Amino acid sequence: MDKMPAWADAVLVPLISILLAAVLSALVILAIGENPIDALELMVQGALMRSAGWGYTLYYTTNFIFTGLCVAIAFHAKMFNIGGEGQAMIGGLGVALVCLFIPFPHWTVALLVATVAAAAFGALWALIPAYLQAKRGSHIVITTIMFNFIAAAVLNYVLVNLLRPAGAMDPATAPFPEATHLPTFQDLFATADNPLFRGSPANVTFFLAILACIAFWFLMWRTKLGYEIRAFGHSESAAKYAGISPVRITVVAMLISGGLAGMMALNTTMGEAERLVMNATEGAGFIGIAVALMGRSHPVGIFLAALLFGFLYQGGAELALWTNIPRELITVIQALVILFTGALDNMVRMPLERIFMATRRRNG
Amino acid sequence: MTDTPAIELKGISKAFGPVQANKDISIRVMPGTIHGIIGENGAGKSTLMSILYGFYKADAGEVWINGKKTEIPDSQAAISAGIGMVFQHFKLVQNFTVLENVILGAEDGPMLRPSLARARGVLKQLSEEYELSVDPEQLIENLSVGHQQRVEILKALYREADILILDEPTGVLTPAEADHLFRILDNLRSEGKTIILITHKLREIMEITDTVSVMRRGEMTATVKTAETSPEQLAELMVGRKVLLRVDKVPAQPGAPVLQVENLRHTDSHGVERLKGISLEVRAGEILGVAGVAGNGQSELLEVLGGYADATGTVRVNGSELPLAGGQADGQSRRARGIAHVPEDRQTEGLIMPYTAWENTVFGYHRDPRYQSGPLMNNAMIRAEAQDKMTRYDVRPPNPDLAAKNFSGGNQQKIVLAREIERDPDILLVGQPTRGVDIGAIEFIHQEIVRLRDQGKAILLVSVELDEIFSLSDRIAVMFDGQIMGERLPDETDQTELGLLMAGVTEMPGGDPIQAIDASLEDKEAREAEQHD
Amino acid sequence: DPALIYDLGGKFDKSFNEAAFNGAEAWAEETGGSYRDIELQSEAQREQALRRFAEAGFNPVVTTGFSMSAPIASVAADYPDTKFVTIDGFVNPEEHPNVLSILFSEHEGSYLVGMMAAMASESNTVGFVGGMDIPLIRKFACGYAQGAKSVSDDIEVISNMTGTTPAAWNDPVKGSELAKAQISQGADVIFAAAGGTGLGVLQTAADEGILSIGVDSNQNYVHPGQVLTSMLKRVDVAVQDAMTQGADLETGVMVLGLAENGVGYALDENNQDLVSEEMKVAVEEAKAQIVSGEIEVHDYSSDDSCPALNF
Amino acid sequence: MDFATLLQVLDSTVRLATPLLLACLAGLFSERSGVIDIGLEGKMLAAAFASAAIAAVTGSVWLGLLAGIVAATFMSGIHGLASITFRGNQLISGVAINFLASGLTVLIAQDWFGQGGRTPSLIGGGRFEPITLPFAEALSGVPVLGPIYAELISGHSALVYVAFLMVPLTWFVLFRTRFGLRLRAVGEAPEAVDTAGVSVVGLRYAAIVICGVLCGLAGAYLATGLQAGFVREMTAGRGYIALAALIFAKWRPWYALFACLLFGLLQAVALRFQNIDLGGITIPVQVMDALPYILTVVILAGFVGKAIPPRAGGEPYVKER
């Protein structure tokens, strides 16, 4: 029998972990001479109490859903994909290439093709680490970290030497043509007398992210492939016994993972900047790790965790706007969340298990 | 001799989460005696000894050594109390030399050189004294299991242990090696050392021990003098009821050859050749038993036939050849060819432990179109079928939604058997079918295997239990060092002959079995060490 | 109240952004007013910060760095009553009448410090370490080389760029290594136009006992007696002016050169022993000639080429 | 390339290899004990900040060094708590530490110094000064060997020599002492160590502390030796390169030295030569920048022989499931 009911492991443990992270974060804010309550209020105000705030929160959430799912599928196959960052960068390159060089009649077509391109480029970038892991046993953590750096160099070269319009200073492509611009929430929901989501970058890719969550669930829990990926993740030797090829699962899972990371670029590149800039990913690939961990690699959990991080990001931006708290506070909060939900989770789980065992024994 | 016990345990209890592994156990062992502990798998023997050695911490109870109450919070304390232990699963550092393993934790000072020098001398002396010869500079990973066990014993002796605990030491040994071990133990006893010997082989208990304790389901059911008991009585104490350890079966009616293996060779990822030209044949309606000490290629044979290790040679099923490497050589293609496989290790191979029972009932067959509806899996149907199978195979509890890890070993094995047998295969590969399974379930599993044979299936049985091999097989092949040393009919051979074959000895010029075995094993080690570099 | 948005390099880069900060501080001190400022965290924040400040009624909204011009162009129309200032950036004044683009004639200031470098050099070799390899920085380098060549025809000007991404503004280790490399090639005066990276250059120059030239802000104080001078880019003045004008800010395009005192070189007690009388005279003379048009310093960004230096 | 330039590049190689080497040896101790450490980057960063901050405040580089060591060891302690005591995921703990250091250093620096996450520039006693080895001046005239001695070997700061001395020291500790034997054993088979009566937890914490100290040296060297003060993210991926070097070195001290020198050389070359012209083909600077990473992948792919990590690496030691 398990030591603890499943719901406690899925809900109680992360919740308490987050609480601990929050308490420590508050202490950090106190230590730098600011008031944590005020800070929280400001964050809530700026991120959740205005439609434009939501527009930013959901924009970040979209990024984190994609990278969270990216990390999660690799987790299911017992791999640790730290390369979401690089895969998203290269995915952005795919988006930029199709948007710049294919004359699209309408944004829907553009989105469709760009999605395929983003996923394909991201997947491609995950392919080499995946192949090396599967065939040569090269540790995927190291190779994906290296591929992040290499992706940055590739993007750098392409932007600086190939795609930068003449005379421009930024390492960035030219703006994408009008027809590829995605409708933002403002375009979708604002009316003349009710300017909802004004100026905020959330756009239709948010719905794509939700679709990805649903597809992810079906894939993992309703298809042969998901069955095999999870089986492989639980026991490689058993998977081999059953005729599930480790090479195939490793590669396929990483391709999907990279594809999901690549699709994140749709949001930043096509949805927001409407051109490809050097630093479009901004660490979202790493946040995906925390999101997947907190969300227990389940799409519902990932959605909620992504929302939390979206809130943190937007709230943090508001803090930087209206107070003197440096932007790195958000990095510290992220670190604490990752630490407590990911690495120190047993610190919460062990006493909880003891409590559950004790109550069970008392009840018979 | 005094009447102060060397070891006295009082009221030891230990729970692992919800599993009560030891319940209020007390035991007294006199100095200079060999005390046996028997019990089924999972009875709590290893747990009890690990507590005595400080590896686990008891929830309750006391340990008395030589009449003094002794706290044993960790292994360090046990060692200083003069206790040495040879674990069921050896605790050796694989890429260290014998010497380094021996001094680990018992070094003389902060520098290694003097410790190593001294240990070399002591080891030489011990080897001579107790016939425990091993090359001190050899890496552990190049040693056979038998020799690894010697290293474990040397480790304990080097620490000047007066009390030696051996946890199922003979499980990995050939009968002759086991005899040799018992000679050593006899030596040690005559020097006044106290020995606790864990085993579930009644023959061994009767042969060497002075007293014996029986454990069942975490409890100590009896302690008796060996001279005053019988195997039948011990078996009854062990299981709690009278048992019949023989399988009822009619003589085989072998038909056409179904599985034909010729010159099968396999090299593992370290570049060591594990199968060195295996040839065998299994006919319809017969059970071919493959005997051998663990680690002589039986696992690899099953892996190759089961489709998850590449090999060269030829394998024919019903006359047509199987691909042995490449895309078509995988478990699912083998299943499509009518080969079912009950793997040696149900926990790491046969089942996905966190998966529910119903998910496990299609493991390996999950791509079968029968279980699909469109692009999705037809979970409702799989679950319904699972429910039915579990009832028929008497899996307890018959709840398909429970995760596999929540079933006991015997019931896990039934789930695997149900899955593999229900597919009506032509060939059944079975590895260690009853390892870690209690006697009740063993009866059931043996009956199922024989029933399948009587339906005209070809069965390849791999087991390290000679008893099991004898009682199920229609023919016995013995493997040693990746080769088949010979084939015998169960009626025309005995344990001694098989035991020698298992050690790679086909003829004995000198007439001393132990010398012959040692020579044979050292040969093998030298070959492997060479391949390793 | 005015608001100020710093580029990704951050407020305290001792150089470009810090000059803006100093200008704002000076304004606050002089007028007793208050302003809001922000260091950006991410690309998406550029627009956000502009909008949030505009919505909250800050006016004008001053920004530093060329990267802000694109976001301003897309936001400005939504807030017609707010004045935006982009320093180093360019926004078409026809399309966006509420934007002021401030550009500097960095090549002119660089020309002057190039002359000083050449005069101070004993090895007849001077160095240039740029930040990110963009036309703007090449403009610095080109002006510098022209100035140096005007003093000594056969002088060798070694030029290196730190990188091709914004990270190049903040890599002092690389700055230091590049400086060492240039020193080993004989350079004994090095001009660092590289933001935070430049601090590594100045440090190494000081450690190795050669002279360096700072940029944007007056960096003479960083290593007193070892920084020959600093090429001033009066971002501080620009910011202070914009803030002083407040909501009535005059928009359009403004180019600040030597004539407007928008660029120049720094002279203070930290470097008075390094700058000889002769040097001062020569530089002042050249300055007058540039202002009068007698000397024309070639602007790299006008045609992406440099007569005095190969990139 | 002429001799002087070559010397310059090699000199720069030594400087750039030093932090890599210290971090690599730090990782070696940790991973040999079975604790995987991708948090080297964060520990170095924390140490860089702490050493620069304290050196700036006190004016003493030695106090700074001490502070750096304390900071990195503290970070190590968190890693130990997560991965040894609470048996958490070592990779995730490492990632968290990298984030934590990246954020905290700037946050504290800003709070203390108000210079945008920078420490004040270190002057005088706040920095490690180059040490001129005996006779460097006198011998510099000797052809070939003279300049090599005077420019390449002499004239580095104390921590450079410490780093290079650490290599034989590490080798000695690992392969010639009781502690080393146990440390190697605990990374291979912790249960063997446990049953031999030696504390697994104790050994691993010891390794983690050594790792912290060495990371402390690495970070302090960056901020007070190589540079004169802390700037945000000043480690710039060196922790990851050190990790790559560790794998390249197959977890062995002497190999680690060569791996780090190789990576140092690559960096030195990339720093000095922007676009390398190879007979008509220009290698863009981005390729040079990415070269250490590409090389790591190539190495990992096994073209240089398979690297077998310590067997128990990454697995928390759990006796009772």
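Think of it as A, B, C and D in the order they're written, each chain with its own count starting at 1.
Here, contacts are C-beta pairs under 8 Å (C-beta built on N, C-alpha and C of every residue); 3 or more make two chains touch, one makes a residue touch a chain.
Given the structure is predicted, the values throughout are model-derived calculations rather than measurements.
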Those chains which touch chain D and also touch chain B: A
Rounded Å distance, chain A centre to chain B centre (Cα mean): 46
Chain C-chain D separation of Cα centroids, rounded to whole Å: 35
Whole-Å gap between the CA centroids of chain A and chain D: 30
Interchain centroid distance [CA atoms averaged], chain B/chain C, Å: 76
Junction residues of chain D, two or more chains touched: 117, 232, 286, 289
Set of chain C residues in contact with two or more other chains: 39, 164
Interchain contacts, given as pairs of chains that touch: A-B, A-C, A-D, B-D, C-D
Chain A partner contacts - residues on chain C that touch it in the complex: 36, 38-39, 41-45, 47-49, 51-53, 66-67, 70, 75, 78, 133-136, 164-166, 301, 304
Chain A partner contacts - residues on chain D that touch it in the complex: 38, 78, 81-83, 86-93, 95-100, 102-104, 106-108, 110-111, 117, 232, 237, 240, 243-244, 247, 284, 286-287, 289-290, 293-294, 296-297, 300-302, 306, 309
Chain B partner contacts - residues on chain D that touch it in the complex: 175-182, 184-185, 188-189, 191-199, 311, 319-321
Complex contacts: residues of chain A adjacent to chain C: 52, 56, 59-60, 152, 156, 160, 167, 169-171, 175, 198-201, 268, 272-273, 277-280, 282, 316-318, 320-322, 326-327, 330
Footprint of chain D on chain A - complex, ascending: 28, 31-33, 80, 82, 128-129, 132, 136-139, 141-143, 145-147, 149-150, 152-154, 156-157, 160-161, 286, 289, 293, 326, 328-336, 338-339, 342-347, 350
